[in-house]
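One structure, pasted below without further comment.
Letters A, B, C, D, E, F, G and H name the chains as they come in the text, with residue numbers starting at 1 for each one.
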Amino acid sequence: MNVAALKKLLEGVRDKKTGIDEALHELKALPFEDLEFATLDTHRALRQGFPEVIFGQGKTFPQIKAITRSMLTRKENVLITRCDPEKGKALKKAFPRASYNATARTIFIKSHEIIEAGRGTVLVVCAGTSDVPVAEEAAITAECMGNRVERLYDVGVAGLHRILHRKKDLWAANVLVVVAGMEGALPSVVAGLVSRPVIAVPTSVGYGANLGGITTLLAMLNSCAAGVSVVNIDNGFGAGVAASLINRE
Amino acid sequence: MNVAALKKLLEGVRDKKTGIDEALHELKALPFEDLEFATLDTHRALRQGFPEVIFGQGKTFPQIKAITRSMLTRKENVLITRCDPEKGKALKKAFPRASYNATARTIFIKSHEIIEAGRGTVLVVCAGTSDVPVAEEAAITAECMGNRVERLYDVGVAGLHRILHRKKDLWAANVLVVVAGMEGALPSVVAGLVSRPVIAVPTSVGYGANLGGITTLLAMLNSCAAGVSVVNIDNGFGAGVAASLINRE
Amino acid sequence: MNVAALKKLLEGVRDKKTGIDEALHELKALPFEDLEFATLDTHRALRQGFPEVIFGQGKTFPQIKAITRSMLTRKENVLITRCDPEKGKALKKAFPRASYNATARTIFIKSHEIIEAGRGTVLVVCAGTSDVPVAEEAAITAECMGNRVERLYDVGVAGLHRILHRKKDLWAANVLVVVAGMEGALPSVVAGLVSRPVIAVPTSVGYGANLGGITTLLAMLNSCAAGVSVVNIDNGFGAGVAASLINRE
Amino acid sequence: MNVAALKKLLEGVRDKKTGIDEALHELKALPFEDLEFATLDTHRALRQGFPEVIFGQGKTFPQIKAITRSMLTRKENVLITRCDPEKGKALKKAFPRASYNATARTIFIKSHEIIEAGRGTVLVVCAGTSDVPVAEEAAITAECMGNRVERLYDVGVAGLHRILHRKKDLWAANVLVVVAGMEGALPSVVAGLVSRPVIAVPTSVGYGANLGGITTLLAMLNSCAAGVSVVNIDNGFGAGVAASLINRE
Amino acid sequence: MNVAALKKLLEGVRDKKTGIDEALHELKALPFEDLEFATLDTHRALRQGFPEVIFGQGKTFPQIKAITRSMLTRKENVLITRCDPEKGKALKKAFPRASYNATARTIFIKSHEIIEAGRGTVLVVCAGTSDVPVAEEAAITAECMGNRVERLYDVGVAGLHRILHRKKDLWAANVLVVVAGMEGALPSVVAGLVSRPVIAVPTSVGYGANLGGITTLLAMLNSCAAGVSVVNIDNGFGAGVAASLINRE
Amino acid sequence: MNVAALKKLLEGVRDKKTGIDEALHELKALPFEDLEFATLDTHRALRQGFPEVIFGQGKTFPQIKAITRSMLTRKENVLITRCDPEKGKALKKAFPRASYNATARTIFIKSHEIIEAGRGTVLVVCAGTSDVPVAEEAAITAECMGNRVERLYDVGVAGLHRILHRKKDLWAANVLVVVAGMEGALPSVVAGLVSRPVIAVPTSVGYGANLGGITTLLAMLNSCAAGVSVVNIDNGFGAGVAASLINRE
Amino acid sequence: MNVAALKKLLEGVRDKKTGIDEALHELKALPFEDLEFATLDTHRALRQGFPEVIFGQGKTFPQIKAITRSMLTRKENVLITRCDPEKGKALKKAFPRASYNATARTIFIKSHEIIEAGRGTVLVVCAGTSDVPVAEEAAITAECMGNRVERLYDVGVAGLHRILHRKKDLWAANVLVVVAGMEGALPSVVAGLVSRPVIAVPTSVGYGANLGGITTLLAMLNSCAAGVSVVNIDNGFGAGVAASLINRE
Amino acid sequence: MNVAALKKLLEGVRDKKTGIDEALHELKALPFEDLEFATLDTHRALRQGFPEVIFGQGKTFPQIKAITRSMLTRKENVLITRCDPEKGKALKKAFPRASYNATARTIFIKSHEIIEAGRGTVLVVCAGTSDVPVAEEAAITAECMGNRVERLYDVGVAGLHRILHRKKDLWAANVLVVVAGMEGALPSVVAGLVSRPVIAVPTSVGYGANLGGITTLLAMLNSCAAGVSVVNIDNGFGAGVAASLINRE
């Protein structure tokens, strides 16, 4: 029930076309419908230049295709994450406008121009070449959400000069997403060099006592540099969304 | 070595007052001194209205007193976190201007007015009364860093109406810090209701399979609501800093 | 030895057709046979409308076929869980009456009508589409055990309006099975809205720090809503049985 | 806003004492207040013979006293759990009607007679004498919630005859709460002997590889007997509530 | 119901003094009483020279005193384990015959001479001086159960010559209990030198990544020497019992 | 250097055929060769009816074949464990006398009759049909080591009557190996019924919170029945060896 | 900018060919370039007989080929680790000089003779045949870095005479790398026999409670022999580098 | 039996003063006595300037006093680690020559001058002031073992300029011990700047997801800089010994 319908109901009561009991009955369902509006407000906010996003992992090709189709009818941009090459190929065939990013394993289907919405630049930093897929997922997510994105890859802490060499790029960013595996030291080092928010993304890169990224995750949560917050292992998408929310005007 | 000194050195070379070898020797130490300047830039940025912060846990009273004294000579505001009542009392005696917050276990010593620096409001939300100390640490940290802070406490998910009743407060915030123990569901629920960044803080409140907050931490990292990022268990201070960095103009 | 046989033995003693020693010898084995009766009593209770159940995982097709055949000779309904498509196909061929549910990965072979045995409705709720297979296993198990089952799927806490919109369905249920992966917040939210027993089922849906469902399991055990009890990860069958036992008259 | 107030508002509209816009403004806050009613419905249901419950652990004596006082003004029965002897003594002094159970560490303050609400008996079973405090917490919770409660203590599986000897008590129960530490085998054995719901409660009794009850918890979740559901370690209160919800008419 | 009573019942039936229904009713309880006899058989076996044992940890002094008193009336030897010095002192006062072993934290009260029951010697080996309390608990348990016990202490693997020097003692034993903390290597080394059963006991001696003995426990379970079996952390008593069962004739 | 050779050396010295220095040089290597004898003593003991054993897992077919061949030249019986069907087939082809047990995944090649060496019977008990492979590995290992072995399978605790029905078999055994997955309760129940040593073997049977057998392992280590000792997950071989060592005269 | 270039710049300033501002501009980038020199110093040190190393795991054949090609142009020796047979074959085809070690899964391409750089011998010891691949990775890494390497394989602690027999080899080494799986006892035993540094390498060899090498890792970190330090699970390469750094003159 | 005694025995045989059997009997014990010599060789090596070390934790004051006294009679230097202030005071009273280091919690009693034994400098680096006690334990251990030790404290990675500023100190060291808590990033950064062996020591400094140092430990084991090896949590002593062994000529 929207406000117009609510107004109409009240007018019916005023005009005695609608009985008190009948109106009470109608109003019983109100909270949740109204809440739904509230949520739609949220959604509208989210949709300002933001694409709809489908988490592709664990979904079959027909499932993804059906959801995509339904989204495109609403003229929305569609971003599909965790999309393996096989599904990527099939989706490109089904939606010729789709562009597949093999590194990030994402599909993007543009229905309209992306509206630039960020205050500044989102800088995605990563430690090693094996962290690039997760970094790219973050970068593409942020781009699709209307942000200017810069990339600074392969600057792990075992060769400090690499990151120090690029300190201007670090200082130029409004939000930083820092992706690393192994001992996960990079976010601490980066956060010590900048005064902007740092989102740390642990990756499952490593072996043995890396425990599939758990070690990296725990290390990042224990960062000695205050102001670092952390998302789930390999969750480039989540970091991209968090960075976009921070960067929004 | 600052730029003026560097210029002077080069002028000495040009004017042949300084030999090449002597200059080379001077320049050998340059990278690190220069870097130090870079870092000072960072520090200057951080200091714009930001207090110096001392992590009180594990430090003795004399240690804290000495560091505080040295900081106050630089006319900085000083924030001491993880400060138990006994130390709090002793520090209040040593620094009569100090104000002790028993809930947050923080001491604040104001040397100058806090400069308001935030774009909007930082809203600190917490699930239960046992989470309040951590929430207050976050709130006071953000306040000391120049942010307007609102509080919304005791709104856990087992009684949804409590949080829904305050949806306008949620929508009014620029950044949200959401503090919860036990199953850690509150950040997911809050993030589903707003379109601003949410920093989740797990607390060690709970028992048995709560594992000292590890369960809550892991649950928050698995939030079904994108855009949530997480700090360490009971780390109200870290969340306050992260929120401040996000909220800065 | 059943009660009839025992009675006959005693009559033999009374009628002096059976000597004391012979009777003592017969009775020596009694405890365990009698216990078996005890257990059979239990079984009879369980069988009131309850099918026999085979846990298909880790059993070969010939093993399942043999057990099924032996069960059908006792004219029982047979439910096979954790049955992958290949085995499902083979079993359908072997037992033409069998119906395979591809989502729940269950086979049901009806020997007689299911006797309705529940006091009210079992409501199976799930958070996301990936949780549906586990939810369906619970639902089908409860149905086969003689319960009226309602389903309420894809109502995760990141969009609260979805669950609030269906509060009447929640209130109408006698027992609720709530299935969720990731941060496992749904059972807490549901239990806060109803006054009936809630069985929580964690699923292994998620990634990274989800730890194959362990995070979800631990979070549910730490639910801030009293009255929630939990079964093993992905254990839809166990939840269906627990709900059936609760719902029985 | 309750239904009476809502009706009054509508009557104001009908009688033109209240303008449409004014009414709309009033109704804007409705969803959440109305939801509150929904929740109050739940609460009312919960309150049918149910006491208010205060989780005493981590709360100071003044805090508990204040909450208790406020509750007693509403003429409710009050149950305080996790209340150590010192607090128990202080509370008994403050509320002379209070009765303290030293084993269960609970305080009960009766404002009115408990209304019997259960369909049958709640049987609380425990394995060893060290599990008794948790078992008693469950038993007292269920009693305060209007259930007839029976106790069957010290019947661990290392001496099977103890539990087998009492099979009639097991069979007579409508719901069973089974409390055990160490290897946690008792719920499996009990669930194999009955056809009613079993709530398993792991305790932190044990040492070494017991891991503070985690081992027992995990073992119970892996019970080979279907229909067992589990609550958190040492959570006698939660088991008492779950059993009460199941036992309610 | 023992065999004599059963015979009497059958004679009653034969002589028509007892009706069939009455007899059936009597026999209903039979399984468990009979089982109780079975269990008593077990107990009798266990009691051949074996003391009654009380696990003192978590029990109050009055509780232990009461249980002890009741046991002594049956003229049994009593062994109390995990008995701290304070309780030890109090028990010695209450039972003047009691002897307290401060290292093993055990109390032994002799009602009759211990009957030697072992086939050979139980050798208790330990790695470091910190492991001695657990080793002594094992040794005293085995002694109280009628075994000849030898001790071989402080022979850790970092100084191999110590254990090699005593190889004759190792070869002379019928069962070996090997107690170690830290990396838990001693059972593997000992088992490689003998051809008799080795019971490994991990202790919680160590720090950091020792995890309270879990590391040692896991290492022992992964012993490269076949034939090693393991008991819980610090469980000297359990090892003593296992060794006694193995050593019995 | 064996004793004969040592004697010969000394005789050479006595007879002045061997110089002191030459003898000293020979004796320098003695410690370790002598130790080797010590070990050979052990080995001889182990070999009394014991086969040589090859752990097949992780070894290639050519590796296993080569080791087997070298062993057979010493006329020993050979037991190969963890041998998958493919390798089994290849080995049977290479060694026609070999017999492959598909359930236990073992190969046995008899060079001579097995010498019966045990004092009594080794009883291998298992809880469910999925535990049979591990139980069979234990049984076959014990058989190959000269023990009479009885089997008691599919007697899990959820149907107590099954194990109680076979109590005579339990009482007849000299050593018991109890194999179980899931909650691992069977060893506790069995150990409560007998007065002989019980070796518990956890299996990796289960799912979710079973953690690949870790839950079962931990539960068994926390057995409330004293005298149970535990081997590694799925380690049927280790249990068979431990049982054999216990059962040896 | 290297020192020569820096000198040239200063000479330009002195000779007034370069203006102060121009020089300042050039020097702005200095810190990092200079730091790079620092790093190059390190690299130069590392390169004294040290090969360039590529971690092959997770890299595609084309990626490895490209990196290798670029390295060979600098006339460096190239070592590729974690290189499976398929990639090994392809690389051998692409670089005919390459030699593939199937056990260690390494490729070595010699551009120039390896310069011997070590003070003494690196001894690589391993416990079982399954640990050989990791041991070989360590050995080959150390050899490629200019060390004399000795090997002592299959000397696990369950047969102590094997390691004692070779004590002279142990004593002759300057650094020892000790590789073991399962209970990881070998480094403790070895470190007790020598007075040189011991690098322990846990392997993922084992099953069940071995937890993929975590048990071995934790056991080694708890070694009772001081002076043992540990690298990651299966990290033969890291141990080889650590040993080389220790052994360098 | 030493070589002289052995020679004498052989001479006795040659001279027929000692019978063959008598000699054989004497030689039976040889391996282990001889081994003891071997071990004494090791000990002699270890003792070259090395003190005897007592691990004070878990030992009572009388125990430590007794061991110390016995050591001093051999005119050895004595180092006692993990010695709390109370014991420190008591020991200083008992041994007036003793010097107590309150930060490192060590006691050193000098019997003779420490013999300088190292090739170069051991540099002990630590990240934060809370890590100093562990760093000091390492430093004092290395000093007592005859090394020149330098300290570089409070140079954590969140302020990179601090460590970079001291790169000459890093380059001057022969071995580096790097102590850190929290995310444990410092060893990776340091190892990237030097070409000498780095021993990493995780400390239990941190909170929440630090898990008592486990997170730091795991992170260090996953260091992206090759050549780092790790000791147990807070094990400054072990690191000092490892560094000393590496630094020895």
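One rule holds for everything that comes next: a contact is a pair of C-beta atoms (placed from the backbone, for glycine too) under 8 Å apart; a residue touches a chain by one contact, two chains touch by 3 or more.
Only a predicted model underlies this, so the values are computations on that prediction, with no experimental measurement involved.
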item	value
Both-way neighbours, i.e. chains that touch subunit E and touch subunit B	C, D, G, H
Neighbouring chains common to subunit C and subunit D, by label	A, B, E, F
Most widely separated chain from subunit G, with each centre as the mean of CA atoms	D
Label of the chain whose CA centroid is most distant from the centroid of subunit H	C
Copy pair subunit B, subunit H: interface residue numbering same or different (half cut)	different
Computed distance of Cα centres, subunit F from subunit B, in Å	60
Whole-Å gap between the CA centroids of subunit E and subunit H	39
Centroid distance [mean C-alpha coordinates] between subunit H and subunit G, Å	25
Subunit A, residues touching no fewer than two other chains	31-32, 35, 38-39, 159-160, 164, 167, 192-193, 208-211, 217, 221-222, 232
Listing of all chain pairs that touch each other, if any do	A-B, A-C, A-D, A-G, A-H, B-C, B-D, B-G, B-H, C-D, C-E, C-F, D-E, D-F, E-F, E-G, E-H, F-G, F-H, G-H
Complex contact set, residues of subunit E against subunit C	3, 6-7, 10-11, 13-14, 16, 20, 23-24, 27-28, 30-32, 34-35
Subunit B residues within the subunit A interface of the complex	35, 38-39, 41-42, 45-46, 53, 164, 167, 171, 192-197, 199, 217, 221-222, 226-232, 237-239, 241-242, 244-246
Residues on subunit G engaged by subunit A in the complex (per definition of touch)	31-33, 35-36, 38-39, 57-59, 202, 204, 212-214, 217, 232-235
Parts of subunit B lying in touch with subunit C, wherever the complex brings them together	127-128, 156-160, 164, 182-185, 188-189, 191-193, 206, 208-211, 214-216, 218-225
Touching residues (chain side subunit H, partner subunit B) in the complex	129-130, 159-161, 164-165, 167, 205, 207-211
